[in-house]
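Paired with chain B in one complex and with chain C in the other, chain A is shared by the two complexes that follow.
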Partner chain A sequence: MMYFITIVRNVILSKWVYKFDFFLGIMESWIELLVHLLVWMSLFATVNGQVVKGYSLSDLITYTIVSRIAGMIANTKFSLNFADSIKTGDISLSLIVPYSTRLIFIAKSLGNSCVNLLTVGLPLLLTSALFESYIQPPISKIHFIFFLISLFGALMICITFELLSGVLAFWKVPGDFIEWYFSIFFVLLSGSIVPLWFFPSWLNELAKLLPFQAVFFIPAQIYMGRFNVDGIIWALFTQLGWVLVLFILHDILWRRGIRNLTILGG
Partner chain B sequence: MSNFLWYLKLYWKIMCMNYKSKLWYHGKKEFFHTLGMFLSYAADIFVISISMSLFNSLGGFNFAEIMFLFSFELLAYSLTNSIVWFVGDTYNLIVRGTLDDFLIRPVNPFLLMSAKYYEIGYIGQFAISLVLLFLSLQHLNLEWGIKEWMLYVILLINSTFIYMGFTTIPSFLAFWFGNTNKLTAIFRWSFKRIIQYPISIYPDPIKVILTVILPYGLINYYPTLVLLRKLESTYKIFVVILSLTTVGIVTVLAIIYTWRQGLANYESAGG
Partner chain C sequence: MIPIIDVKDLCKTYKYSKKWSFNPFKSKPLQRKSAVINLTFSIYPGEIVGYIGPNGAGKSTSIKMLTGILKPTSGTITVSGYDPFENRQQNAKNIGVLFGQRTQLWWDLPLIDTLELHRYMYKLPKEEFLIQLEWLFEILELKKIYKTPIRQLSFGQRMRCELAVTLLHKPSILYLDEPTIGMDVMVKRKIRQYLLEINKQENVTILLTSHDLQEIESICNRIIIINRGELLFDGTVEALRQKYMPNSIITLKCKHTISNKVINRLSNFSKLEDGYIRFTINKHKEDSSIISELYRSYEVIDLKITEPPFEDIVQTLYQEENKK
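Moving on, here comes the complex of A and B:
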């Protein structure tokens, strides 16, 4: 356990070394958040702040900020390292240490999430102070607790996703493209930018069948109290189901890949 | 003039050679790159269209006008990035010193570098933005004569110059400060997000910043105002066009100046 905690600490420290980049990272995420919020403000200004499809400006701003919290925790992005280490053969180093290879990558990604808490969390806090009057508190304490649980679920889905896409490198699929293509699907179908409420109904149905919405949309929905207790439990089970499905898929591929792995002709 | 033609031929030749050598190994990779660019912009347009389908306008622009704005920015952006794609590699070029390769040849190193790094993957974006341009013009019922098209081309080239300034100058700072990849990334990608929407949606202080201090608004917002006839008086149109071209020319001079100063400061590997 201490070993993994050390890995997490090392990732945080290595990011902190480049302080200027660190602050630029804060600025980057701040710009993106602000643009989203201002676009919603201005869109709702054209209808004089009325309700559109049953949702008000305050709903949208709360949604954007809450889904950003989910994104901050779930933004793990280690598949690229994973794929690279398979491609270059560095994975042999992680295979011979007496710790689980995949747990090492997961620990690294947790370190990344901790860094994100600062680089994304800080601008998030500042911005929410600006838009304070629009942000709704969680419906009840129970909803808030379930929200925290679903955040954990979102993190697990992201980790298994990254494991799955990284392992594809065994079959010479370039890691950067996989990551890029997945991020495009995340933009489209997760509701991270436009909530699924506003999607045309066929797309809404499609998105609900895919794992992307379980990362951003479900936690935000739970926070805003759009689900009753049955709905919440159903949503959490959806998340759990996706974690299992993705992990089993990954595990099959991983075992096959490792069995056929040859490094530098070895 | 013959000198210019000679350079054009050289540029073309290096580009072709470079691409042949790339396709030899990674034909698949180039294909996936183009497809990915295509998909990611399709996703952007899709997101804008969904969020706008429920509302009438955004910052005084309707959907077709937003798409015109989007395509204008995308065209300037792809022109810029296909030409100065080397900024993504400044760490190797300037800090690790592979720039030496280009300095020891008897041609202009800037052009040589640009040709060597020319990125053909932007073809997907050119296609998207041209399709968007024609679709939006159709929807807006604008009849463009030869005069308007000429103005369009001039403003586009001008915007490309301004964009190029924002892309290259931060990366040339590597001559003095070492690794500036993150800074360049902010000027290349983050501000792009801001100007995908008309800057009229932002609060006044941000509008002023985007017009005067970091003139990103001049890349697509003001040209769109002129081209879509959103300005009433001819006097205003004249002032906008004049200031746009002035900024464009100043940017080109600034790029040349930083490049020269940077080269004078260049110390090869470990510099």
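Moving on, here comes the complex of A and C:
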């Protein structure tokens, strides 16, 4: 356990070396969030603050901030790292230690999540203070607890998803390509920018069939009390199901890949 | 005695496609290339084995199979009772691996952070960790640099750090793939001494690949040579000499000029400056009698007998093999 904690610590320390980068990251996510919120405000200003499709401005601002929280924790993005180490053969270094190779990568990505807590979390706090009057508190304590559980589920989905896309590098699928491709799907279909409520119904149905919405949309929905208890349990099982499906797929590919691993250049 | 590393009929075949096709849907014919063919050897606890071969001979591939990174195509490997691929994590507890061209260090952090990570990785108690640190810092001269971020160190310094990380958990088997590239003479010598020391004190088994043959000769008590994936030679340096280059080189100067009749009997005869001549004699044959003959008839003023350098032996061996 201390081992994984030390990995997380080392990741944070190595990020902290590039302090300028660190502060730029804070600025970037702050501006992004601000623009995002201001777009909703000006859009709602054009309809004089009326309710659109059953949702008010306050709903959308709450949604944006809550889905940011989910994104901050769950957006791990280590597949590129994983794929690269397979491509360059550096994975051999994680194969000579008495720990699971995949756990090491996950620990490193959790380190990144901790860094995100600062670079995304800090501006998030500041902005929330500015928009305080618009933000709704969670419907009830139970909803809040379920929200925290669904955040964990979102994290697990992201981790297994990244494991799955990273492992494709065994078959020479370039990691950056996958990363880029899927980040588009992620942004669109996860509801991280535009909530699925505003999608045309066919796209909404499609999004619900894919794992992406379980990362941002489900936690935000739970927080805002859009689900009843049955709905919450159904949503959590959806998350669990996706974790299992993605992990099993990944594991099959991993086992095949590692047996045929070729490490080039010494 | 039970061998600590036991390799039987080890083969590794890589599949690759020969031509790069523009059409990703067209299936490409797979080529097979054997990197290691029918390798068999056993290494006993406490041996220092030099593992050598020309570039592309299959050294790294076999080390990767021994450490459990790659799965052998066929054949068996047993390292202290385990199959290193199937029991990778168990095996990893007892071994230390250094790849000269890859780094285990955290690029942006000082050495001490990587060492601490490895302390938890191998679950070392604190006192033991501190004792090891002191020893490693002393031997590898790291006292001045262990707090500097790795990216600010020179290549040689980095390799020393790398070695410290590899040795921290007192592995019982060390696989060193070109451990001393980029190090200066002083550090190289120290590391050799250090390797000999841990070998003697803690009976550590060492498998070492290097292109620095002098290094191999000075610390290894056994040599395994492979070429194109096949075992060429397995034995001591002395045995290698006897087998492939039993000749000694004689350089001498005589008072009188030597008659052509005698010269014709000398093998590899050549004239050097200042009246010196050089030829080789085969220690197995009766050739050495020729020296006493020269002594009697031509009054030898100066005489030097040298063994051929180890590098020459290996070079001859590689060349002979490549002609086949």
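We adopt the following convention: the second predicted complex is superposed on the first by the 264 of 266 C-alpha atoms of A that agree within 3 Å, B and C clash if a C-alpha of one lies under 4 Å from a C-alpha of the other, contacts with A are read in each partner's own complex, and residues count from 1 in each chain.
Heads up, the rule we're going with is that a residue touches a chain if its C-beta (ideal position, glycine included) is under 8 Å from a C-beta of that chain, and two chains touch if they have at least 3 such contacts.
Worth saying up front: this structure is predicted, and the values here are computed from it rather than measured.
Visitor: Could you tell me whether chain B and chain C fit or clash when both sit on chain A in the superposition?
Guide: fit
Visitor: May I ask you to decide whether A:177 touches chain B, chain C, both, or neither, giving the answer as first, second, both or neither?
Guide: In the superposed model, A:177 contacts chain B only, not chain C.
Visitor: After the fit on chain A, how big is the angle at chain A between chain B and chain C, using C-alpha centres and going to the nearest 10 degrees?
Guide: 90
Visitor: Who does A:100 touch here: chain B (first), chain C (second), both, or neither?
Guide: second
Visitor: Report for A:24: first if it touches chain B alone, second if chain C alone, otherwise both or neither.
Guide: First partner only, chain B.
Visitor: Between chain B (first) and chain C (second), which does A:244 come into contact with in this model arrangement: first, second, both, or neither?
Guide: A:244 contacts neither chain B nor chain C.
Visitor: Pick one for A:145: touches chain B only (first), chain C only (second), both, or neither.
Guide: After superposing on A, A:145 lies clear of both chain B and chain C.
Visitor: First (chain B), second (chain C), both or neither: which does A:233 touch?
Guide: Neither partner.
Visitor: Figure out whether A:10 sits in contact with chain B (first) or chain C (second), or with both, or with neither.
Guide: Only chain C is touched by A:10; chain B is not.
Visitor: Between chain B and chain C, report the minimum C-alpha distance in the superposition, expressed in whole angstrom.
Guide: Nearest C-alpha pair, chain B versus chain C: 8 Å apart.
Visitor: Can you list the residues of chain A that touch chain B in one structure and chain C in the other?
Guide: 18
Visitor: Where on chain A is chain C touching in the complex?
Guide: 2-3, 5-7, 10, 13-14, 17-18, 89-90, 92-93, 95-100, 258-263, 265-266
Visitor: Within their complex, state which residues of chain C touch chain A.
Guide: 14-16, 60, 64, 67-71, 88-90, 92-93, 95, 97, 99-104, 106-109, 113-114, 116-117, 120-122, 149, 177
Visitor: Contact residues on chain A for chain B in the complex?
Guide: 18, 20-21, 24-25, 27-28, 31-32, 35, 38-39, 41-44, 46-47, 52-53, 174, 177, 180-181, 184, 187-188, 193-194, 198-200
Visitor: Which of the residues in chain B come into contact with chain A in the complex?
Guide: Its residues touching chain A are 29, 32-33, 36, 39-40, 43-44, 46-47, 50-59, 182-183, 185-186, 190-191, 193-194, 197, 201-203.
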